[in-house]
Structure formats: C-alpha cells, structure tokens
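Below, each structure is written out as structure tokens.
What follows is chain A paired twice: with chain B in the first complex and chain C in the second.
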Partner chain A sequence: MTRSDAALKLRGGAEYGIDLEAPGMVHAVLVPAPVAAGALRSVDLAAARRAPGVVAAIGPADLAALLPHGGDPDRPVFPSTRILYRNQPVAAVAAETLAEARAAARLVRVDVEATPPLVDIEDRYPDWPTGLASDAPGVVAHVHARHGNLDAAFASAEFVHREVYRTSGIEHVALEPHACLAEVRDGHWRVRTTTQTPFGAREDAAEILGIPAESLEVEGTWVGGGFGSKGAAFLEPYALVLAAASGRPVRLAFGYRDEFFQGRSTLPAVIRLETSVRDGTITGRRVRLLLDTGSSLPGRDFATGYAIGFLLGPYRIPAFEVEGYAIQTNKPPFGPHRAPFAPQCVFAIDSHTDGLARRLGVDPVEFRLRHVWQAGDRTAFGQEVGPFGAIAGLERARTTVAEWRRTLPPGTGIGVGVGFWSTSTGAGGEVRLRLTPAELVIEQAEHEIGSGSIVRGLVAVAERLFGLPTERLRVVTTSTARDPYDSGVFGSRTVAALGRAIEAAGTAMLARLAERAKAKGTATLTVQDGKLAVGIGARSIPLSELLSAEELRDGLVVEGRHYGRSGAIDPSRVVEGSFYAYTDFTAAVHVAAVTVDRETGSVKVLRYAAFQDVGTTIDAGMFRGQVEGGVVMGLGSALTEETLWDPDGRMRNPGLLDYRIPTIAEVPEIEAVAIEGFPGAGPFGMKGLGEPPIIPVPAAVANAVADATGARVLELPLTPERVARALMVD
Partner chain B sequence: MTFSLARPSTIVEALRLLADDTEGPTAPLAGGTDLLLDLDDGRSTARRLVSLDKLPWKTLAWDGPRLNVGATLPLARLGSDATVRARLPGLSEGVDAVGSLALRHRATLGGNLGRAAPASDLLPILLAVDATVRLVGTAGRRELPVARFLRGSRQVDLAKDELIESVSIPEARLSTYVWQRVRPANDVSQVGVAVARSGSSASWRLALGGVLPVPTRIPEAEVHLTEERPRPEDVELAANAAATHARFVTDKRASEAYRRRLVATLVRRAVARAQIPPGER
Partner chain C sequence: MTSEVALTVNGAAPRRLAVPDSERLLDTLRWRLGLKGTKEGCRTGDCGACTVLVDGETTLSCLTLTHEVQDRAVTTVEGIAEDPEGRRVLAAFAAEDALQCGYCTPGFVVSLTGIRKELGASAPDSAVIEALQGNLCRCTGYLAIVRAVARIGNGNP
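Now for the complex of A and B:
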C-alpha cells in the first residue's frame, strides 16, 4: 500500500485544524453554561468587554445585529431562553491571546434560574412511556412498526425469551480536537476547519447563521480522526459570528476536556427484547427501545428508526412489533459515532440470540445459520436482501471456533457476533477528472480523515479502473468554492460513492476520447514515452493529437456523479416514524476468545478473528487497517468505555484517565479475513468498510464471556465490576 | 498554565528557591507526571517550579541489607534492577504497576510520595516493607516512617523548604504487590494489596491502596498472619479482616462493595504469591 500522505505526516508537515494561523488572528473561547438546565435570565458581558486584549464578546442579545436574517430560530448560536446542557456555549469571547480570551471568558456573568435536569432516561421512564407516546413528556421521536401475527406467535411459543439490555454513552476520542479559523469580509464568510463534511458543514453552518450557503466557503484541513465527530457544523458558527463581530480572523480550538464536555456522540439506551421460539426456530419478536438523545431537538432524530433495524436483523423474523422512543435529556445533543448505535444494538440482539441458542441447547453458530439472511430473503421491513456474506462468514467462524476449542487452554470462552451494515451511497457525490499528458487528477471535496479513503481508496479505485500506475494519479481538494459537491466522509460511503462517481466520469472521458479518435472500439489510458496516451485496440494515440491547446495546458475536464439508490421498505409495516432501507447488505462475523477472572471479573481477550464481507478488496493494507482499527475501537465499547454523568448533569470522566480507550497492551492478535464474492454498492462491487468492523465486537466479546462463565452480562461495557456482579447473581 | 522553571544544581540552592515565594507559590518538580497535570487542571497553583533534575539523587545503593533509593531516580531504573527484584520483589512489582514504561522513565519515587495519592501503587508496598522517608530542609535532615509521613489525602509531613531526599528500606523481604483495574495498563488501581514478610521475625505486613484517605496498613488483618507459611484459615481471616477494616468509598472507579470483595480476593492471592520465589512468579 502506498499512502501519499505518509511521509508528510511523519515529518509533521500536514496542517491540521489545530495548526491554522492567519495574520492578525485573534483567539476565541466559548463561555459555558454553569448548570445543565434552567431559564437563562441574563448574560452580562460588560466586564469581559473591558478586559485586556478583548476584541469581541458576544452573547444571545448580539446575534440579531450580527446575523442579517437572525439565524435558525430552532438552533440559535447561543440560547436566549433555556439552558439545555451543562457547558452549553452561551457566549463567546475573542482576544489577542488565548490567555486573555480565557481570562475574559471567566468574567462573563451568566445568570440562570436552575431547574432539576433530566440526566438518566430511566429516571423519567423507569418503564416505558405510555399513552400517545409522541406526546409524552421528553419524547422527541417515536417510531413504531409491526408485521405478521405476533400474538399468535407468542401464544403458540414453547417459550418467550425476555431480556433487558443497557448500553453506555461513548465518545469518539479522535486524536485531533475540533478547531477552525474563520474570517468574514465583504459579506463573504469563510472558515477553514477540520471536517469530515465540507459541504455538510457549509449547509449546516449557513442554516444556523441564516445566511445563503453560497456566501459561505468551507475549506477543510487534514483531519486527525473523525469517527463521526466532525460531521455537521460545530465550532464554525461560533468562530464565524466572532469574526463578523471583530472584523478579525478568529481561531477557535477545543482542548481535550472540551471534547468530552461538548461531545456529540452515542448516548445510553435501554433495549427490551422478547423473542418467541417454536421447534427450535424464532417465530416472533417484540422490541422496545428507549434512547437517550441528549438535547437533540424534536424532528432531528434519525437514530431511533435506524437503530431499530439492527434489532430485527440479520435474522428472519416472521412476526414482530417494535417501538422506539427518543428521550430528550440535559446532555449535549447526540451525534453519530462510527456505525451509530449499531454496536450497541448488535450487542443486545446478538447476546440475546446467543442466549436463546444456549437455552435451546443448540450450537450458537448453527442457530444463527438457521436464521440468518441470505440473498432473496426479506428484511423485517420487507426489503429484499441482496448479496450478503453472512453465511460464508459464519461457516468460516465455525471452523475458527472448532480450531480454537482444540488449541486454546481449557476455560477459554469463545463467542461469535454477527453484525450487518449498508454502504450509504444514497448520500451521493460528484467528482471532476482532469486529464493532462502528465497525470490524471481527481478533484473532489473530501479531505483525508486518516482511514486512507481519500489518499489511497480513491487512487486504488482509479488504478483499477484506468490501469494507470499510482504516480500518474493525484487526488486534489480545495474548498467548497471550487470542489464538486460531495455529502461527506461518513456511512462507509466515501470510496464507494466517490469511486462510482470516478467510474462514471472515467467512462464519459474515455467515450469522449474514443469519439475524438474516431475509433469504433473503447478507449483506455496508457503510458507512452513517459506521457499519458489513449489506447484504442493495439494503437496508442498521444494526447497532443486529441486535446486542444487549452486542454493540454489545463486538462481535459469531465465530471461524474453518483447518487446511489436504496431498496424500498414495505410501508404497510410502518405505523409511525421513519425506518430505513439499505443500498446493499454487508455482513461482519467476528469470533472472540477470552479468559475471565471469576473472582475479579477481569476479561482478557486472547484471540480475535474478523470475517468481513467486502464485496471486493480494493487494497489489502486498507482492509487490514480498517478491520483492526474497528476491532480495537469496538473492544473499547465492549470492555471499558462509558461516559459517566452526575445527577446534576456534570460529566464525571472528562479525560482519558477515566474514559478508558484500549491501550495496545489490551489488543490481542487480530485475524482479518475478507469474504469476497457478494457484491455491494461500490465500484467492482466493493462494500464500504469504515463502520462494519466495529459493529459485532461487543457482542462477540459478551458471548465469549457467557461461554466462559455461563453468566450473561446485560450491560455495556463489560467492566470487571459488572462481570463480577453477573457472576455473583448466577 | 504559565510558570517559571528554576534548575538549581545544589541542595542548598534548591531549598533557598523553595523558601522564596516572591514569584508566587513554588513547588518542587521531579518527573512532572503528576505536577504538570495538576497545574493544567488548576489543582496546583504553583507559579515557579524548582526542578530537582540536577540534584545528585538519581541513586540506588545497598548499605548492607538496607536499600536506599534516591528521590529522583526514574522508576524505570528502579524497576529494571535485578537485585531489587530478587530481594524486594514487591517493590519491583509496585513499580511495574505504575502507568506505562514511557511514564516510568520520567516518574519518580519522590514524586509518588510527594503526591500521596489514595490510589498510589507504590505507597502500599513502601508501607509493607517498613520504608522510611529521608527529608532534607533548611532546618536540617530528618527521617520518618512512611506511615507518619503520610498525613492525609494528598497531604504529607513536609515543610515548604524541605525535600524528600531518599527512601530507605531496612532489609530484603519476601513481598508482593497485586492490584485490580478496569483496564490493566495506564489506569488507576481500584484496589492494591501489598504484603511482605520480614525474614527475621516471620511477621507479615499488609497494606492497602485505593483506600481513603491514603494507603494504609491494616493491623486487624496482620494479626492473623504470624506464621512463616500462614494456614489457609488464617489467610481467610486476614482477607476478611482487611475487607472489613479498610476505609473504602464508592466513586467513579468502583463501588465500595466491589472494592471489599476485591480486597478479600487480592489478599488471598498476595499471601500465596509472596511465598513463590521472585523468579518463578
């Protein structure tokens, strides 16, 4: 694998958001709300404005004058009436130095009439909301679907397996904190920022500020890890209003503690599962999901309906009823975290499935093979399942389990987890190819976030499409003012969607070249005498014969786009809310081997194998990187990572000492195996790989713990204390 | 966080700088692995740091059976010393437990004592091997047992113009240190248990970490450990006494009930482990 960014990054030459500087720049600090809930009486900025070095201090009352159209009333830059979470920014200060900005921010007097916050969703709903759920207090989204005759399935069942699972809030822990640099000049708003979605950030920031998207330019930097945390606008609106207020370039950067205090990530959930069984087969399922969505606003919830899909697959379930409730709490709004909610849901459903198999006395892998989707099946929502590598993965897993049982010491627990995902190419994108005699340039909007999708993935696709060597291919990104539109780096869609756009542009470019060459056959690109040339059959034509003088200088430019289509769900199954259809079906089958210290509850992962449905591997190094990275991150969710909150809405572990991501000492040998031949939504049938490898990790580990001990831990993460408690109960 | 840094090369100069508050609060700086974080968090208000880097305290010396460890010796060097591991295995195991190897290249024994954290991985074993702290100050030198030096949570018996010079351990001891954490590496111990048996008297010392206000010996448990090879029923009594008598609390790292349960388990394991020769553990 060749990564064009490797040398630059090793030498420290890559400019991240945190490195941004501009002449005349000032430093910004956000003023945090002192309590988690309450009525905001006033924000007094007088003392801050007089403080040394301060060039601007702004609060809720200043927005009207700074924002020509007042901004988005639902999402004001600063709240003017109600505090939604502790540390919510209520004002901002810019000063000549960071120390001066910090000192001035401390002089801002925020007067709040505090009210008791809601922190734990189970405090509000110890059981579940009843009545007209969408109107129940604090419910910001309610989804409901059903199919088949569940009452009959339950009535005729041999037994109904009932469990309640709880999952934890987790953070992204990208190495690079959020940071941006904003300037406003002559009605032109410009922000340089570390973002996974330059266009998404532009649309979102423009909406928040109430300005036309075209008047805002977003220029990305290298991104030091995203995992979903750098999606929509975050710091940009604050920096932009301060830039408007001060007339100076404004730098706003989070420290690591801010990342925790303001983190918009996965929050806790409670999942109740009831599954009926007859003749060794699942006949029906009822699911209730209670999801903490923090201070997310009503109507802004995608997670509830999306999550529920994971609680009904990837297994055939003839009859079901599901209900999901998103509950507003006084925490930062939830946000996407690598495969949002899927690892949590799969932990619940695949622990449940594993337990069902054990209760039936059936081998858990066999039990899954009995039920798992294959192409032609229907999902719970009636969508036809496409090519899906779950059975192939499970068969490999069965062999691995048998081998480990033979070779690992007695007492070792072995567990399997099965997750699924879909390459989100429904979020589309465009590229511009620029062909010169020297190289083929791929112009597109995304910046490399670390996974290699841009610097390597797109190049790998182009190598394979055009048969050109790596050094003739170059990916270029500038800003939203010049780049073709793209939705962003998320949803495992980047290489797949942009790859298909490259494919479309490439096909058009080759057709145009063939036409100019007046050739019957198809054109290809080749290298001839050190220059790019067009091949037609055995002939090779120099570009100088086919391109105009201007094109020879600036390149032949051809654009391509891809807006993927997902299948359809059966609307008759939906009672209320939004549920989602998939563009393709990606399986992830994992096997974990653990030992459990029965007295202390400590879990040690000895071995790990990941069988990953990829469609087609476009780069073996990237494949390994994504699978290993996903597994390691998943081990954190499985074993140690959780955000802890005081009843007053204060985060208790806002740092890396007590928010424990795995260290290399906890990472076992990971075997990463590609399952090929089940094509997906990307070019050459490739499937997205950013998210699937994290999904089944908590389930595989929990099932291994159950295998080792006979005890089922119903709550993430499986800390030693939780495991010890489960062992005491059993 | 802004501070000035002084790097005196003599003890006298270091003590003079410490006594001088004209530039604001002053604090000694060893490895800085605690102090710099405390400054960042606002837990320390020091404005001038006096680095101990140039003082002649990065030492490890045997004086007959007695081991003297200089206050600023990096823990990594203490941990890699084969003689220490053979004669005071519990001390080496305590050192192994501290953070990561990278951290141990900076962190020091003096700093760990200076911080006096409830969850320190070094204080339990220092208590169990009867270590003493040697202090040097403007008023002269004094020496006191670790238990007396520790006055409370993050509070020690140390004057403003006084420094920890070294730590002294009277003799080789059969000993061990065992701990429990949520994450094995680079985490804070929920509970740590150190035990040591004196070669001369056959009586055991047992000290716990993760307790409030600071690590402490538990005499109620020690009374059951009087034999060279304690009988299982005595170990059980000691384990239960330790679990009962320690002052544990529920905090974000563990519940009180889990800590008590861990203590009983870890005491059993520690007494068994201490009897295994260091090379075979």
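Now for the complex of A and C:
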C-alpha cells in the first residue's frame, strides 16, 4: 500500500512550518539568557529598538501592556526575576530580515547576577539512595507507594540483588526544526505551526498569554517528525506576542542549536533497584528513582509516578516499596520523548532482571516467563491486567534466541528486552463524518506527523468499518476554528482513539440512514453505479432518496467521539503522590544480537527481532514502519545518544556531529513480527504502535552485551568507553 | 556586498539575480526562487536534507554559496523527475513507502539520484548505502530506504 502522501512528499510539495510565509512578514529571534542560574536585574532593549529594520523588541517589562490580562503568572513568556537555564529566552526581537533581527538581538543587554547552577543531581544529593528527605530544597515532587511485607521478603531472601543504574538525557532530533507564523488582528490571534496537538497548543498558548482559547486559532502544517517534541505550546507564544507588538505577521523558526538548547526532552536519572529472591522467584523489590526534571516539568507527579510503573512491571512482584524524587535543575525543561522515560526505566529493570536470572543460573527468557504478567494478573498497583501478548512474544523470542545461537558466529551476544505500554485513549477524540454521493469525508483535527496515523491509519479503520474502497475515503484537517476537538497525536493513541470516534460516528450515521429508509436491519455503505449508496438487506438505496438537497450538496454530517477509560489502581498502596492506571496492556519483546570489540568497547548490532503486541494489525506497512523506526531510534539511545553538560549548565554537544543519531550504514536487519490476538483499546481491538517499539531496545542491547562479555554496563548509552570500563572491572 | 549571479535551475533558462555574496544556495532556492522542496535542516552539513545536484554532483546547498554555482546546472527535488535516474528513485521510494514525515525525503531522493549517476548503474547496493550516510532520517529506521535502493539495484523500480 503506497501512502497517500508519498507523491506530494517525494516531490518536495509538502508545506511544513518552516516553509510558511505571508505578505508583510517579519522575522523573529529570541534573546537567550547568558548564564544558567541567577537573578535577572534588567533587560535593556534600547539599542535593539534603534537597530536597522527592527519592528518590535520586547522583554519582561513589555508583557503587561501587550497581553490583556498580563499572561499566566506561573509561566511568564519571559522571566522577570530568575534565570532558570542557560539560553532561556528573556526577550525577543522582530525585524524586516532575519539578519537584522539577529544583529538587533545581539544588542540586547541582559544583566544577571549569576549564581552557581545545579546541573548534576547526584552532586547535589550524594546521599540520595537512602537519605534524601522529600522536602529537601530542589525536590519538586515526591511519590511513594508500597504493598505487602517487604521487610519479611528481604529477611527471608536467599539473596537481594542490588544495583544502581544511570540514564542520560536525549534529544528528539526530528529533522524539521520548530517553526511558526503568527498574526494578531482585531483581537483575533492566529498561528500556523508545526504541531502534534493543534488544540493542545491552543489551550496551552492561550493560558500562557492569558487570552480566551476561543480568540486563538491554531492551524497545523505537515509535521516533519514529532516524537513528542511538537506537543503543547513552544514557539507560538513568543511569535504571537511579537505579532501583537508589531502588528505584522511574525515568522519564528528554530535552528538545530536552538532545538538542543531549548530541550524539552528526557533528562538524566539515577535508579536504585533491590530485588529479593527465594526459590528462584522474585519475592520483593525496593526502588528509588531520582529524576532530573530540568527547570520545570508540567505534571511532575506524572513523570515520576508514571515512570515508576515501568520499574515494577511487567513482572509479578508480591511486595514492594517505591519512591521517586523529581529534582529541579538548571537545564531546559523536561519534556515528552517517544514513550517518555520508558526506555530508560526498562533498560534499568530489564537489565536487572536479566542479571538476576544469570545470577540464579536460570535462562533469562525462562526466568521472565515465570514472572511476566498475563491476563488476570495484577500490576504492582493492584490493577487487573487485560489481554497482554508478553508470553506469546517471549515464546517467539525463545525460538529466535535458539536459532541465532545455532547460526551466528561464536562470541555473538544475544539479549532479550521486555517492555510494556498502554494506548492512551483517555484523552478525548472527536470526528465529524460527512457523507456525499461521491465520498465519505473524515473531518478531524490532527495533522500527519509521519507515522501514517492520519493519512493511512484512519483511512484503514474506515475501510474496514464501512467496507468502502480507499478512494472513496478522505481525511480533512483545517484548523482549531473548524475541526472537532482532539487532544493530539501522542501516547500511541491517535488511530485507536480517533478510530473509535469514527466507529461511533459511523454507527450513528448508519442508524440514521436506516431510520430514514424506514427499513429494518442494519444499513451499510456501498458503491452503486459509481456513487455511494445505502445497502439494507438485499436493497440498495441511492443517497438521493435519503438525503435532502442541502445534504446532497454539503454532505450528511454526523459527529462521533471517544473518551477512553483506564482501569483503577488500589489507592491503599499509595502513600504520597499520583500513580496511574492503564487503558490496555501492550507488550514489546525484543531480541538483539551483538558483537563487542573487547579492546575498544565498541558494540555492533548484527541482527534484531521485535515481537510486537498489536491486538490487530490495521495496516502492515504502518506496522513495519513504526517497528523499524522505533527500534533504530532506540538503538541511538542505547549506543550513542547523550546530551552532555558542563558544570556551568552549558550544553556541550548541541549539534549532529557531537550528538550522534544512527545513520543508514549502521542499521541491522530487523525482523518485525506482529503478535495478534490480545485485544486492546482501539477499534477491532488494535493497540497503539507509535511508542512501544522503542521501549525495550536499550535493554535488549545491554543484555546482549552482557551475554557477549559477562560484563554488565549500568549506564546509558553503552558508549565504547563505558563498555571498555565495565570489561576492565570484570 | 551584493552582486549579480546567473542561476540555471532545473533546466530553465538562466536567471539573473542580485544576491549577497555571503548568501547560501539553500536560502536563495527557498526564499528567492520559492523552491521550498529543498529542506532546511542543520545548516552545518550534517543532515543532508538540503542536498541538490550541481552539474549532476550531490551538493549540500547549506554549505554552498549561491555565487559558487554561477553558470552551473542546479537540480532540486522539484526538477528531479526530469532525470531518468531521478524517476527510478521516485518510483522505488513510492513502491517501498520509503518515507514517513517526508522532511528528509527530498534530500534522500536527490542524493540517491546523484550517487547512482556517480557510481554507475552496476554499483553494489552496499556502496550506494555507504554513500547515503550523509543523509539522516529519524522516522523510518532507514530500512525502507535500503529496500528502495535494492529495488533499483534489481532493475525493478
């Protein structure tokens, strides 16, 4: 199946945020904070305002006059008192040309009384594994939960396996930089932008600016890669406030250095794990997580409480105690990165599980099979597990491991990683179906970000629901002013949630058509004499008999919505903070084969297999694309990708030469296998696919390295230096 | 300094434009000629999204001054279908769904076209893949692109 966007994209015809322009447009540049921490004394814009071509130069003191209600005091567009991270935007300039805007931005004088920044969380809290108090300065969230008699489990254990894992910060590196074009006219605020969440960006930007959401219109473009980087508001408030100040359309586009400097991705963490074992079985676990949240983190409890679920599953653990601390540092804000923080947690827990099995002398796959969840089990938080393909995936993995042991050269390391995820359909999705004799149009809010969820996934769902051919179906997106509400392309939810909304709208539409036909029985849509018609039993009724003249012209419109429900956790297990229940249970079981150069520590991935729990395959091409793309992105996090920071809060590697993502020459053969038959939250029981394939990759690679060398690398990524050091220790 | 330069793009008659001496070909193509299929990525020569052909050779337009291509033939993704090799690449990418978000796609299409011209039709796939390392993709995991390369290599686009 060729993607419907292929012809346009192959010829360079797709318009992204960075391609937007408008008559009278001016160019914006943000003015960065010169240090990572300190008291902001003043921002002097006088010289910038006099510079050639400048149409607006604004700083903290100008916001009150530009924003009718002054904006959100908790999230000001520009800080007025404290600098929280290096390069934090403190002012912005718009000029006739980009060169003039850049020159003017350099004339802005930012006076800061610098203070020592907090950059490394372990430097600040050396006693974190045991001694950190939940109200210690810098701790912005603390979550705590427990269940069962952990002391007894530890006291009666044959041994307690204790390890500390460290994970690094990573960047999205969507190839398309952020860019938008904003205009403000007669109280109507409008921004065209590259976004995964048009409505989310609207709500967020309106809140930051202190304007009613209805007075802001967000129109998306094709998105050149998201991975979480293009959710909520980011550039939009800056461009909008400059548009308000200048009265001109304002273009604001990031360069790659800005992408790195402004972050909003995964940041470093330290995870301490202690697991007790008796009779070859896990009896208890204690977990302590210290998470760097950067300068801010919306929903801190969400990051810590939600991440912790990955440290306690997908295995049965009778007794546990878990504590998570979110620490504010002078780095850019933490933000979502494809399966936020899950690959890091799974690296820790599934390396730990693998090591535990090896310590017991049990085959790691068998050990996992003894403990892994299946339907009817309970999570650590007491939620009943639904249909879950982990055992089926592990059985396939066992066969693959055996085959590779026979066929790959001696010295090859083979490792397994097991991750899980849940399709986030809880956030709302709405669609509007429009039926004419020519086609069925699906009107909805999201733009294609690359996965195919919009151009292919929604169409594939509709094909299957209505039995209509592809060419009779069309997905249309305009802007938040016209489209039905949807919460965004994130959480592996898009096809599942919007697909269920299409299902709801379609059911209502068919019922209405049956009623109009005054016929008993279920209506279907068919193609009759080149036009869409309604079939009921053996009858085929042309739409001209069922639709009014107006409907024949504009379409019969029926809306549908889906707001999914998650299960419930047992609140008695929660001591403090928020922990989350899942909507469904999606397993990802991966097998990696590697060779390790014992002298240099360099790791080469030879083969890879991914057994992905999908519920039902909606489209085989999309499935393969998501699995291959997710695995390769995960190989980057496993082996090379890491943001590096100087003690003064300066990022050391803000570019693609020093922050290395995989290239085409480094990709192994990947076998992508769909595990079907364990239904999830989407239509036909499908499960979300955008995120699961990245989750177990660092674990599978690390376990393969351990298998090859006998050495356990406790820190991501597995750079040659770290691998070589682990080999020396052993 | 701004001075005049004659640009021959996608086989059209040469166009004379007044362009600053320091302007990059990427910006001239995108903002003066409206050829936005050539994508702006890193601007440091690391991602390959801005690749064009200059006299048939793959060239990073972000590292090329517009004045350097005076009197030379520039081909962008918008003109790639005029080239038989370009048509093979387009067909193979479409057949293999070798794209997702599409942002790196024009760079890959132009690079692969230039690489095939440079290495010749009988070049092994491994040499072609090696030469494609300068183009980064974050969505596909590259394997669909590798399959597109193989499809062309098999003479079956």
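Brief remarks follow.
By our rule, the second predicted complex is superposed on the first by the 719 of 730 C-alpha atoms of A that agree within 3 Å, B and C clash if a C-alpha of one lies under 4 Å from a C-alpha of the other, contacts with A are read in each partner's own complex, and residues count from 1 in each chain.
We take it that a contact is a pair of C-beta atoms (placed from the backbone, for glycine too) under 8 Å apart; a residue touches a chain by one contact, two chains touch by 3 or more.
Note that the structure is predicted; figures quoted are calculated from it, not measured.
Which of chain B and chain C touches more residues of chain A is settled by the count: it is C. Contacts of A:Val729 after superposition on the shared chain: neither chain B nor chain C is touched.
Using the contact criterion defined above for the overlaid structures, shared-chain residue A:Ala549 touches neither chain B nor chain C, since it reaches no partner. Of the two partner chains placed by the overlay, only chain C lies in contact with A:Phe227; chain B stays clear of it. When both complexes are overlaid on chain A, the residue A:Ala665 reaches chain B and chain C alike.
In the superposed model, A:Gly630 lies in contact with chain C only, and not with chain B. Shared-chain residue A:Leu657: touches chain B and chain C both. Comparing the two interfaces of chain A, the one with chain B and the one with chain C have residues 657, 662-663, 665 in common.
Within the complex formed with chain A, the residues of chain B that make contact are 2, 100, 180-188, 190, 252-255, 258, 261-262, 265-266. Interface residues of chain C, counted against chain A in their complex, comprise 30-31, 35-44, 46-47, 49, 76-78, 80-81, 90, 93-95, 97, 99-106, 109, 129-130, 132-133, 135-146.
By the touch criterion given at the top, residues 99, 599-600, 602, 639-640, 644, 652-653, 657-658, 660, 662-663, 665-666, 719-721, 724-725 of chain A touch chain B in their complex.
Interface of chain A with chain C (complex): residues 1-3, 5-16, 18-19, 21, 172-177, 222-227, 255-256, 448-452, 621, 624-625, 628-633, 655-657, 661-665, 667, 670.
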